[in-house]
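Several structures are given next for inspection.
Each of the next two complexes has subunit A plus one other chain: subunit B in the first, subunit C in the second.
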Partner chain A sequence: MEVKVLEHKPNFLRLRLKGVPLPLLNAVRRACFTDVPVMAIDIVEFFENNTVLYDEIIAHRLGLIPLTSEEALEKYDPPEKCRNAPLGDPKCYVVFKLEVETGPNEYRVVYSGDMESSDPSVKPLYDNIPIVIMAPNQSLRLQAYARLGYGREHAKWMPVSIAAHKYLPVLHFDLEGKECEECLKCIESFLPELAKKMRDQVRGSIEILEDINTSAIYWCTVKRCGDCAKLEYREGDYLLKIETTGALPAKVVLFKAIEAIKRKTQKLLEELFELRKQGLQEGGRG
Partner chain B sequence: MGRLKIKKVDEKSVEIELEGEDHSMANLIAKYALRNPHTKFAAYNVPHPLIANPIIQIVTDGTIHPLDLLEQVLKEILADIEKFKESVEKAFNEVSEKGS
Partner chain C sequence: MLVEDGRRAIGELAMIIPIRCFTCGTPIAQYWDEFVKRVSQGEDPKKVLDDLGIHRYCCRKMLLTHVPLIKEVIKFRRIL
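For the complex of A and B:
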C-alpha cells in the first residue's frame, strides 16, 4: 500500500492511495461519517421562549451548530458509556446557557456566540451562526446539553461534510501525425494547462491529481478526440477527499475512522471465538 | 455496537447476522471473503433499510469450514487495516519532514 498526502489543511485532506483494497477504503470512508464521535447539542431545556420560533425549531438549530470536539474526545466518555447517564453527568454532558432579552425598542439576532459553555474546550466553532431573530419585548432562556454521539444516530454528529473517493483519472494521449486540433481545443476550453501539457509532450500519460471533476475531459475524449486521447479511470489507484465541519481536524477524523474499523473487526473476531467455544462445549459444531 | 449472530451453519455454508452494523462492515467482510480461493459464494444483504442488521452468507467449496474461513477473513482485514494505518502515518510523516 502506497499513500501520498496531496493536500493537507486543518479541515481538508486529500490523499492518493495505491494498492489499498477498495472495500477497506470504502469502509474507512463510511466510518468517517458514522463512527467518529463529535460533540453536538442533544437535549434542550426551555425556561422561557416567546420568540417567533417554536422550542423544537430552536432545539434543532442548536443541535446543528458544530462544536469544537478535539479535546472532548479524551475528556468525555464515549457515547456507549453515556447511554444511561443521568442528564448533566459531568463525564458525559457539556452544559450551555443562553439568556437573551430584548428591550421595548430593541431588535436583535441571537448568535451561537451568545451561548455560555460550561467547558471552554467545547464551544461553537463559529460565533456568528444565527439562531433566532428577536423582536422587542421578547425573551429566550434555555439550557442545552451537548454530548458525544455517532453520525449514524443523527447527522449533527457527523464530523465530515465530504468524504469521497474516486479512481485516479489518467489521460493517455498521442498527437503525433494526427488531426487533433478539435480534441485539444475541447480540452483547452476546460483545462488550458492540461491542453498545453499535451501539446508540449505530444505523447504520453498524465495523472490528473488535482481536485477537479473530469467529466468534461471525458466528454471531450469520447466525442472529440478519436484516437488522439483516452481517459482512463485507473483501478487500484484512488483519490480520497475528506472535508470536515471543523469539529475535528481532518487528520484526526481519518485516524479515528481507521481505529473504528479496526476495533469493530477485533470485536467481531472475539465474538466469533466466543460463539465457537460455546458451540463446542455444547457438543455442536461452530 | 456490532453483535455477531450465527443464524445457520453447516459444513459448507454459514449465514451470519451483524446486529447494529451497516454496509461498511458487511460489504468489507463479504468482499474479503470473495478473495479467498476456497469461497464459492459470498454476499450480504440488508433486509430492512431502517434496521441495521445486515446478513452475510458465505459458501465454501467444502475443503474448509466456513467459520474457519470467516476467521481468516477477519484476520486478513485486521492485517490490512494495520498496514493501511502505517502507510497513512508514513505519508503524514513525509509531509511534515518536507514542511520543516
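For the complex of A and C:
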C-alpha cells in the first residue's frame, strides 16, 4: 500500500493510493460523509420573531451554518451518548443567543456573526452569512442549541461537501510515423500543456495526476486518435479527493473516517464472537 | 416570478441567499455581500466568482442566478 499526498490545503486534500482494495477506499469515502461528527445547530427556541421569514425557515438556515468543531470533538459527548440528554446539558449542547431589534426607520441584515456562543471554541465559521433581513420595528429573539451529529441523520452534519475517488487516468501515446495532427488538436483545444508534452515526448505514457476531468480526453482518444493515443483507467491506482465545508480540516475528517471504520469492524467482530459463543453453547446442550 | 429579461432563475426558489449550494453542500452565503458589491460596481461576474474561488458550476449558479426576493417582501407586514 502506497499513499502520496498530491495537494494539501486546510479544507482540501488529494491523495494517490496504490494497492488499496477499492471497497475499502469506498468505505472510507462514505464514512467521510456519514460517520464523522460535526457541530450544527439542531434545536431553536423562538421567543420573538416578526421578521418576514418564518421560524422554521430561520431555524433551517441556522442549522446549515457551519460551526468550527475541531475542539468540540474532544470536548463534547458523541451523538450516541447525547440521544437522551436533557436540552442544555453542558456536555452535549452549545447554546447560541441571538437578539436583534430594529428602530422605526432601520433596515438591518442579521449576520451569523451576531450570534453569541456559550463556548468560544464553537462559533460560526464565517461571520458574514446573512440569516435574515429585517424591516423597521421588527425584533428577533431566539436561543439555539448546537450538538454533534452524524451526516446520516441530516446533511447539515456532513463535514465534507465532496469526497470522491477515481481510477488514475494514464494516457499512452505513440506519435511516431503516424498521422496524429487531428488527435493532438483535439487534446490541445482544452489541455494545451498536455498536448505540448505529447509532442515533445513523441511516445510514452503520462499519468494525469492533476485535478481535471478526463472524460473529454477519453472522447478525443476514442473518436479522433485511432491508434495514436489511448486512455487507460488504471486498476488498483486511485485518486481520492476530499473537500470539507470548513467545520473540520480535511486531514482530521480522513482520520476520523478511518477511525469510524475501525470501530465498526471491531464491533462486528465482537458481535460475531458473541453469536459463535451462543451457538456453541446451544450446540453443546442439544 | 420572471427576471427582467424573461428567464426563470434557479434563484427564485429562495427568498434570501441560500446558505449552502443546493447540489454539493458547500457554504456559499458568505460570498454574497462581496459578490453583489463587486458585480454592481460593474465587474464581470465570471471574474468575481473566479477570485472568490468558487470553481464548480453548481456553486456558481447559486450566486449567479439568485434573486433576493426578500427585498420585495420586506415592504409588507407579516400576516401570521
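Heads up, the rule we're going with is that the second predicted complex is superposed on the first by the 283 of 286 C-alpha atoms of A that agree within 3 Å, B and C clash if a C-alpha of one lies under 4 Å from a C-alpha of the other, contacts with A are read in each partner's own complex, and residues count from 1 in each chain.
Criterion: a residue touches a chain if its C-beta (ideal position, glycine included) is under 8 Å from a C-beta of that chain, and two chains touch if they have at least 3 such contacts.
Please read these numbers as outputs of a predicted model, since none were measured by experiment.
Engineer: Could you tell me whether subunit B and subunit C fit or clash when both sit on subunit A in the superposition?
Structural biologist: fit
Engineer: For A:161, select first, second, both or neither according to whether it touches subunit B, subunit C, the two together, or no partner.
Structural biologist: Second partner only, subunit C.
Engineer: Go through the superposed model and pick first if A:269 touches only subunit B, second if only subunit C, both, or neither.
Structural biologist: first
Engineer: What's your read, subunit B or subunit C touching more residues of subunit A?
Structural biologist: Here the partner covering more residues of subunit A is B.
Engineer: Taking the superposition on A as described, I'd like to know which of subunit B and subunit C A:140 touches: first, second, both or neither.
Structural biologist: In the superposition, A:140 touches no partner, neither subunit B nor subunit C.
Engineer: Could you say whether A:246 touches subunit B, subunit C, both of them, or neither, answering first, second, both or neither?
Structural biologist: second
Engineer: Check whether A:67 is in contact with subunit B, with subunit C, with both or with neither, and answer first, second, both or neither.
Structural biologist: In the superposition, A:67 touches no partner, neither subunit B nor subunit C.
Engineer: Applying the touch criterion given at the start, work out whether A:20 contacts subunit B, subunit C, both or neither, answering first, second, both or neither.
Structural biologist: After superposing on A, A:20 lies in contact with subunit B but is clear of subunit C.
Engineer: Could you work out the angle between subunit B and subunit C as seen from subunit A, using CA centres and rounding to the nearest 10 degrees?
Structural biologist: 150
Engineer: Would you check which partner chain A:8 touches, where first means subunit B only, second means subunit C only, and both and neither mean what they say?
Structural biologist: first
Engineer: Where does A:129 make contact in the superposed view: on subunit B (first), on subunit C (second), on both, or on neither?
Structural biologist: second
Engineer: Going by the contact rule set out at the top, does A:52 touch subunit B (first), subunit C (second), both, or neither?
Structural biologist: After superposing on A, A:52 lies in contact with subunit C but is clear of subunit B.
Engineer: Taking the superposition as given, tell me the minimum C-alpha spacing from subunit B to subunit C, whole angstrom.
Structural biologist: Minimum over all C-alpha pairs of subunit B and subunit C: 20 Å.
Engineer: Considering only the contact definition stated at the top, list the common interface residues of subunit A for subunit B and subunit C.
Structural biologist: none
Engineer: Could you list, by residue number, the parts of subunit C that touch subunit A in their complex?
Structural biologist: Subunit C residues touching subunit A: 15-17, 19-21, 24-27, 29-30, 32-33, 70-71, 73-76, 78, 80.
Engineer: Which of the residues in subunit A come into contact with subunit B in the complex?
Structural biologist: 1-5, 8, 15, 17, 20-24, 26-28, 30-31, 34-35, 80, 152, 251, 254-255, 258, 261-262, 264-269, 271-272, 275-276, 285-286
Engineer: Given the complex with subunit A, which residues does subunit B contribute to the contact?
Structural biologist: Listed in rising order, the residues are 1-4, 6, 9, 14, 18, 21-25, 27-29, 31-32, 52, 65, 67, 70-71, 74-75, 77-78, 80-85, 87-88, 90-92, 94-95.
Engineer: Would you tell me which residues of subunit A are touching subunit C in their complex?
Structural biologist: Going by the criterion above, the answer is residues 50-54, 57, 61, 64-66, 107, 125-126, 128-130, 132-135, 155, 158, 161-162, 243, 245-246.
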